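Next come two complexes built around subunit A: one with subunit B, the other with subunit C.
Coming up: the complex of A and B.
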């Protein structure tokens, strides 16, 4: 799920880059510092919309860096337990499927894949396939329900299940975005 | 929650979604890593066993084997010496078409990677028969990049790339006392991404197959980095970037290209490399530029040929009554051992004087013995091949005067190259069948009579690459024809004497290992357990091949003759040749201590 959220950050600007266009400088530095990182509680920072407040800077003794306290609005992505998401398969192994939803890497254990999909080792690449020949392989788009999420310092990881009605492979022609089923 | 957390992804149980703090499962036994470490997937031992059984069943059903590749010097050569490699790219635009530039973010390094010629055909050749893995002593990022280069469609190696991090992690978890900080030291060195030359990292198949029978063959340029008794098909290391760092094999391996190659060989015209462009020096040896051309030309084949050897091993493996991966080592050893059986070799100018004392442990000698050739003195009546590197040595003159002798050679010699050209799958399969049939024919021996062959060292290398007896003609020293008369059929001399073969194989491995300087005190207890583990294997083999040996008793006469040890040689008596052999012995030219002449 996506959020707009005001976050706080101390931005340090080294003295040699101080100059007239300080707001732009702070914005650039902030982008470098926080974009595409995971903030533990709120999730993955996708974009910075704007800087809300920029305090007056002070000089940090010792380094001479100018320090600014910035409050900015960020677009965050955080998957939740029980959420239904569309994901793309990256790797298929015998143990299950690895897939990704944007920055989040997900794993589907084999038990969480409908039993109609059988593991076919002999195919190149090895994949899960139904008797009708529908394949689950890297690049396939699937709809899954998230079972658990962990927000670690550097990465978002989650485990998911496909073993439910209305979940499964998304065919190209049906791929018009997320449709919630009645249970949600 | 009654979930047993059998499958854990990162820190999450993949079944119930709960956060599992430590990977050890409820039963107290540590979790097994199910995939390369980068995927962060762990499974409980029961789950791992189930999966392994499923994979095993699949392999047996579809007659496949696991195959583990090394990367550096086996499938690719890479360098971070950008300036030098750019010079090479300018000079040889054709050869460097497929050189790729990578940037490694973790090390902030750039490197050029050149895949070994023929890798596409090679991978096509093996996809149907082998389940392929990569196991390299490099960093994950590097390994993944290279895997993507080799397999751009991501069909073969996804989720099967194991690297340094995997093995070090593995060692840690098993409580090994290997230095944990070695990684950071190495990545600080300027050739950090290629860790292949690390002695202390011992590769083992347990990393990839933590439970059960690995069912796997390894293709690597270094046998010594693997744990003992791993079936490793050694392949000539691949060096592409001249003059860059890391472009010479370490001392425990054969460095073919330090030896001169005379321009008088018909090899040059065989390969259509003009020899008139460059003026040879007074010793009639090729200039460095020509040598490089030859090197490039010969580089095109070893990979595909090792693929053919793998297919032969596979064929033999599945013709056994019951499959166990313990069979792979003797099958591979036997196949290589039958390659040069019947060849009695002396070296001239190849082995440095300093190594003459412990000639047995010299890498070239050890490899030659592994391929079934016997190493004899120049004046031995059994001598069939004098392996030289430059013309006009004393040994060569001496050999020229020797009388004709009986030899046991293959019925059909292999050509210099077995070309398998790129094409669709079917054409490659057809070509492979043809070549394999030829290779199998090469194991049938017959008795011939002829003069001693004076062949260049490259002949021996080609034989090792092809695991078969290559036609000597292009490598002969003098232009004169070597007429060889066929004297009679020898029964199929394929070596069925598994025990002896295995013993010889182990001996050569032991000698090669003894020659290496141990970098640090390897943990003694592991050494011990390995030594113990050899014994059950021997008895196992005895049991398995008891029936084979009995059936081959009838045709064992001549093979046993070929196998004559050095003691028998001294007596000059040979069952088959009888009197004539000892007569010939008298005519022998007296042995002269000419080692110093050969060397300079």
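Coming up: the complex of A and C.
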């Protein structure tokens, strides 16, 4: 889910970069330092909404850099375990499928796809399909539940399931209507 | 200076089914897809006019564009106030507006923390959200 949160950061400006309009310099450096980074604690920093406070700078001994403490409001995205999200399928393989929710990539193992969907390698593109011909392929919109999240070096990845009542493919024509698995 | 080190954080402590988000996110303000779409679209026009935004930004914008239900500031604000008045947790309110469940049963299945809510409360909330949907106006 997306959320707003106030975060704190020490921004260092080297002496040769100091000049008039210091607020703008600090803001630009803050954006270079934090935008689009990811952490296990807060998720992805997608945008900076506004600067809340900017303290007076001080000189870091030994380097001459000016250091400013900035509190800013960020727009973040983090997938939570147990959360239900709408996602778009990016790739399908015989072992499962990948889908994306904003900047985050999620994997659904074969077991987490309802058993009524069978793998069809021979189709173009290869896809999961029910006996009635409902296709689950690259570009399909699906509603899934996040089962677990892990943080790697530069990305959050998650595993999810759509093998549960009220989860499944979201019909293209009518966004809220879901096709449910018969076994649910 | 390098980017902040990657924190391998307390992901394991979180469980949205019980509204547990860990100590780090106590003051987080959860957003509906619609609100994020409007905020990012505004930022895109100001900061990335004429250029392609970075991937993290463009993927988020595209995701919220696809799945936002209302895309009108006045409606999302009104829904936020109404659901907050009805005593829903901000995470539950955002999920209700993002997912627009059709029945109390579906709402409780998708958002397990709503198990404590009775059918009447959920019918009220869901009816109120559905009435604001563009195809109902």
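General remarks:
We take it that the second predicted complex is superposed on the first by the 170 of 184 C-alpha atoms of A that agree within 3 Å, B and C clash if a C-alpha of one lies under 4 Å from a C-alpha of the other, contacts with A are read in each partner's own complex, and residues count from 1 in each chain.
Note that in this section contacts are C-beta pairs under 8 Å (C-beta built on N, C-alpha and C of every residue); 3 or more make two chains touch, one makes a residue touch a chain.
Not measured: the values here are computed from a predicted model.
Of the two partner chains, subunit C is the only one that A:141 touches; subunit B does not reach it. Legend: residue contacts after superposition of the two complexes on their common chain; A:107 is shown touching subunit B, with no touch to subunit C.
By the touch criterion defined above, A:12 lies against subunit C but remains apart from subunit B after alignment on the C-alpha atoms of chain A. Legend: residue contacts after superposition of the two complexes on their common chain; A:121 is shown touching subunit B, with no touch to subunit C. Once chain A of one complex is fitted onto chain A of the other, the partner contacts of A:81 extend to both subunit B and subunit C. Contacts of A:38 after superposition: subunit C is touched, whereas subunit B is not reached. Contacts of A:150 after superposition on the shared chain: both subunit B and subunit C are touched. The wider contact with subunit A, measured as residues touched, comes from C rather than the other of subunit B and subunit C. In the superposition on chain A, the residues of subunit A contacted by subunit B and by subunit C overlap at 81, 146, 149-150. Considering their complex, residues 7, 9-19, 34-35, 39-41, 43, 51, 54-55, 58, 62, 127, 131, 154-156, 158-159 of subunit B touch subunit A. Within the complex, the subunit C residues that touch subunit A are 1, 3-4, 6-11, 14-18, 21-22, 24-25, 27-31, 33, 35-36, 39-40, 43, 54-57, 59-60, 63-64, 66-67, 69, 91, 94-95, 98-102, 106, 109-112, 133. Against subunit C, in their complex, subunit A makes its touches with residues 1-6, 9, 12, 33-42, 44, 46-47, 49, 75-78, 80-86, 88, 100-103, 141, 143, 146, 149-151, 153-154, 164-166, 175-176. Looking at the complex, you find that subunit A touches subunit B at residues 81, 91-96, 98, 107-109, 111-112, 119, 121-122, 124-125, 138, 146-150, 152, 155, 157-159.
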